[in-house]
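Take a look at the structures listed below.
The following pair of complexes shares a single chain, chain A, combined with chain B in the former and chain C in the latter.
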Partner chain A sequence: MRKTSITGWLLASPLSLILLVFLAAPIAMIVVVSFWGATEWAIYPAFEFENYEFLLTSSVTSRVFLNTFKYAAITWACTLVIGFTVAYYLAFHIRTLTWQIVLFLLCTIPFLTSNIIRMISWIPFLGRNGLANSALISWGVIDEPVEWLLFSDFSVILAFVHLYTLFMVVPIFNTMMRIDKSLIEAAADAGASGWQTLWQVIVPLTKPGIMIGTIFVLALVMGDFITVRFMSGSQSANVGRMIQNDIALLQYPSASATAVILLVTVLLLIGTLLRFVDIRKEL
Partner chain B sequence: MKNKLDLELVSLTKRYGQTLAVDEISYHFGVGTYACLLGPSGCGKSSTLRMIAGHESVSSGAVTLGGRDISNLPPAKRGTAMMFQNYALFPHLTVIDNVAFSLKMRGVAAEERRKRAMSMLDLVDMAALSDRLPAQLSGGQQQRAALARALITEPDVLLLDEPLSALDPFLRIRMRAELKKLQRELGITFIHVTHGQEEALALADEIVVMNNAIIEQAGRTRDVFEAPKTAFVALFLGSHNVVSMPEGKVAIRTDAIRLTKPEAAKLPGTITNIEYQGTHVALTAAIPGNQDVTALLPDKDFFGNPKDVGEAIGLDWKAEAAHALAS
Partner chain C sequence: MEPRPRSFYVLSVFFILFLIFLYGPTLTIAVLSFQGPGGGLTFPMRGVSLHWFRDLFEQQAVGDIWGSFSRSFILGLMVMVTTVVVSVMGGLAFRRRFAGSTALFYLIITSLVIPSILISLGVGLIWSQSGLPVHWSTSGFGAQLTWTLPFGLLIMFAVFNRFDPSYEEAARDLGASPWQVIRHVVLPIIAPSLIGVALFGFTLSYDEFARTLLTSGSYNTLPLEIFGMTTNVTTPVLFALGTLTTAFSLVIIGVFLLIVWVTNRRRAKLGSDAGQGMV
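Now for the complex of A and B:
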């Protein structure tokens, strides 16, 4: 009995150690530093609430957080619609497993290049004299270049959707593949139309996958700074950009405090979402 | 219950690319019968059922119900309902919502569909479990729920795809009795696909034995069992010996064979195995031509004149007990 408990502890220790060193310790560090003080030229250990006080009372913070939520919400909606459609097509319209795998791998090919490259490749396409504008002008759709294509909320969200849709496709596809095909036949037997089958059977059964995809996309968009910086031409801000700015100015305590607030916000968000859908079956 | 309609298969064919799954089968199911499609796996019985249900397109030929060609209608417009092999209950819906699903699809008001679903659940004795999810039910309970869901559409024909195969042997026998009882009460046609001959004999008024995409033999269950036309049917239904005689292959029921002295018998043989089965004793004998013949003897007859393995015996039967088989 005693021996097995020791074996158990030993078996659990590698993972615990990794989590402790690479997850728990850094977060603890950030929390500790977030209470430190800073002047223009120095950072000093302390336990004061000045950083939080400043953040929580500044109108900039709330505007930036709102902007972050806006990006997250719109990106989520777009990735969900596209991701669900792609997954649905792969899972229910492609008949053979071979083709499902081939097409699924095709979806992942963009991931062979780095995020930044994929993001930057939009710039020559969307720019004032870029491919999109010249094509639209030559087709006669517009008379002069459209300005909002690049360095705007549009381009930021476009890049987010491009980067993160696959994170929605994968879990939804995974869940859909587990749906027994005879359920679709049973729905048809009961006289359900295509839409009724979709809403009454497929969507409810896909909820856990949608939820996992949602968590991925929210976490990625809420924590992003580089996409916002490149695609908005440094004209928009989100929380990640705020933290990055603080770090650039060596204001680590303030950056830490912002990071803690962001972490708590995202955790609350995900916690709320998980109350509605049980994802345990999917894990 | 209502005006009942007869189902007919007319040269029904299913091709998957080059493979022929069902080859021009024709059969007329009597009104209100319990019919079993019986055959080994891959014989085309499930494809046939799925074509009747509308879950598989018909390559050629037709399915008619009450004289109306239903081959190209969507499943719900055919007057058939299907009970799936794994029941295919919607896992996210409670039993009552599963049963009421088709009513909901038709836009029946919530209260009305609850009432009708409840009466259907009463019929299959599941009313007490109406608020459970399928995962909280046993196999037999899931089957009842699936039955109620299929029957609520008031079908003329209920199609059952291996409905008992997921149950344990004890429950299988109980559910089989309930299926039969339900069919008698409703008076509609049941078409039941199975690969178990015992199940088919126990349930079916009419039996359709399929093999290699065609119907080997079909008709009233007793007629088929009493007079199998091919060696396949005789062997698949069981309780038959197929013996090569000078005049050709014949089928003889195991219980029609009597033991006699070797000299006086139609066939001489040597006992190779004796199996006690309670009420009967199954005695296997090797006969010339490297064939086996099984004789099922009442226990009193056998133990009144016991035999031993290795003993030479004679196998005899009445002339009318042997049925000539098509080669």
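Now for the complex of A and C:
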């Protein structure tokens, strides 16, 4: 037993070292700095609760947090519906493994290209003179260009769904591929309709995949700042942007305090979800 | 074969719409990057030209994009190699419980779900408070690893969950040393997955933005450079750059897929049954 522990430590040591220096230490640093003070141009070590006091009593904070939750909830619902449908189609309607792999790769490839480029690419589509507006005008749906397509909550959520649906598709598809096909036959033999099989057999068995997808999407949306900044044209805020604004003004202690609150929120949320799924078993 | 149910056709349409949603915008900017010299960021096309691609080669039009491209490329390779090596070692370590393995596992999950800006901020603060200069090859490199390693490790966990230990037992029974077992049995079997880990390591690093933002110092990586351009460049040169870097990513992905395909073919031809049951 002792010998395996030593081999384990040796093998895990580079990983532990990297995570200690670039994950654990930075978190500790942020917690420490969140108690520091700041002037307009410098920060100084201190132990004061001002940053938190300011944050927790400001109405801006609660509004921004609410907005962050709103983005997370809507994006989650959209990615879940789309992701589940796509995964279901790939797992149960495509009959050969080769086609499943090909179509799955087609869904995966955009994830490996630049997020920023993928955001930029919505401009010619959603802009005032963009494709969407021209199409709607030529169909006679609207008389003049709609302004809220780009640089609005709508475009922010659209970009989130565009960027992150894949994080739902992959884990759900992975779980669905492990469902024993004879269970579905059994359900059909027992007289279940297609919907009943879906709701009472497939959905319950897919729950672990849904949980993992949910964890990914919530973490990515809650922690985002760049999508909100870019797609809202700096008109909406979420917690990430609040942190980034403070950083731009060199107010590191206040940025750190916000970061600590965000981290606690995200970890509580993910920790709760992890109680319902054993990630290592599901991989 | 049974006839297709009606839901198949409905879902096929849904899937095709999903693909259009995924690829449509990127294809749009690919088309628009061939705008004529007088064209703008949206349709209509005012002629067709390579004008904006030519602009990419002029310093004053776009800044230092080729310098940032080579930095991103080198950084991508560094992150790729480190991710593969560290993930394999980590994957092997986690096959058995060791003291602290649960804590380390939760650290990996934290690394995955932590808002990226916290890594940027934290690493930036440590470096600035200890008087070190932030640089893409040191602080930026480490910050990116906190994003690529969890993916590499999750893939390795999935691989070793399905790994049949009797191959190793057989090798040991034949007198192989622990190193020989790894070198001649384990590594060849998991090789295709390692190519996948390498692909993730490279592309995630090449496109990484948030964790590199405050940790790369005065020399930008390509995504940072592109983001800088979005605020002050309002010509299709932005689309030309986007098209070019997306094309580059696609080539890289294609190369990796080709390697996997060739390795699998070679395996099938050599008639070895190693790796059967890996899928």
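Keep in mind that, in the parts below, the second predicted complex is superposed on the first by the 265 of 283 C-alpha atoms of A that agree within 3 Å, B and C clash if a C-alpha of one lies under 4 Å from a C-alpha of the other, contacts with A are read in each partner's own complex, and residues count from 1 in each chain.
Criterion: a contact is a pair of C-beta atoms (placed from the backbone, for glycine too) under 8 Å apart; a residue touches a chain by one contact, two chains touch by 3 or more.
Remember, it's a predicted structure, so these values are computed and weren't measured experimentally.
Is A:P204 contacted by the first partner chain B, the second partner chain C, both or neither?
After superposition on chain A, A:P204 lies in contact with chain B alone.
I'd like to know which partner A:P26 touches here: chain B for first, chain C for second, both or neither.
A:P26: touches chain C, not chain B.
According to the stated criteria, A:H93 is in contact with first (chain B), second (chain C), both, or neither; which is it?
second
Would you mind checking which one, chain B or chain C, touches more residues on chain A?
C
Applying the document's definition of touch, where does A:T85 land relative to chain B and chain C: first, second, both, or neither?
second
Quick check for you: in the superposed arrangement, does A:C107 touch first (chain B), second (chain C), both or neither?
Second partner only.
Can A:A190 be said to touch chain B (first), chain C (second), both, or neither?
first
Tell me the contact category for A:I74 with respect to chain B and chain C: first, second, both or neither.
Touch status of A:I74: no partner.
Regarding the shared-chain residue A:L136, is it in contact with chain B (first), chain C (second), both, or neither?
Neither: A:L136 stays clear of chain B and chain C.
Which of the residues in chain A end up touching chain C in this complex?
Per the stated touch rule, the residues are 4-5, 7-12, 14-16, 18-19, 21-27, 29-30, 33, 82, 85-86, 88-90, 93, 95, 103, 105-107, 109-110, 112-118, 120-125, 127, 129-131, 134, 162, 165, 194, 215, 219, 222-226, 230, 240, 243-244, 247, 252, 255-256, 259, 262-263, 266-267, 270, 274, 279-280, 283.
Applying the document's contact rule, which stretches of chain C touch chain A when the two form their complex?
Touching chain A: residues 1, 4-5, 7-8, 11-12, 14-15, 18-19, 21-26, 28-29, 32, 41-43, 85-86, 89-90, 92-94, 96-101, 104-105, 107-119, 121-123, 125-126, 129, 142-143, 145-146, 149, 153-154, 157-158, 161, 199-200, 203-204, 206-207, 209-210, 214, 223, 226-227, 230, 238-239, 242, 245-246, 249-250, 253, 257 of chain C.
Which of the residues in chain A end up touching chain B in this complex?
Result: residues 180, 182-183, 185-193, 196, 200-201, 204-205 of chain A touch chain B.
Under the definition above, what is the set of chain B residues touching chain A in their complex?
Its residues touching chain A are 53-55, 74-77, 81-82, 84-86, 88-92, 101-102, 104-106, 149-150, 153.
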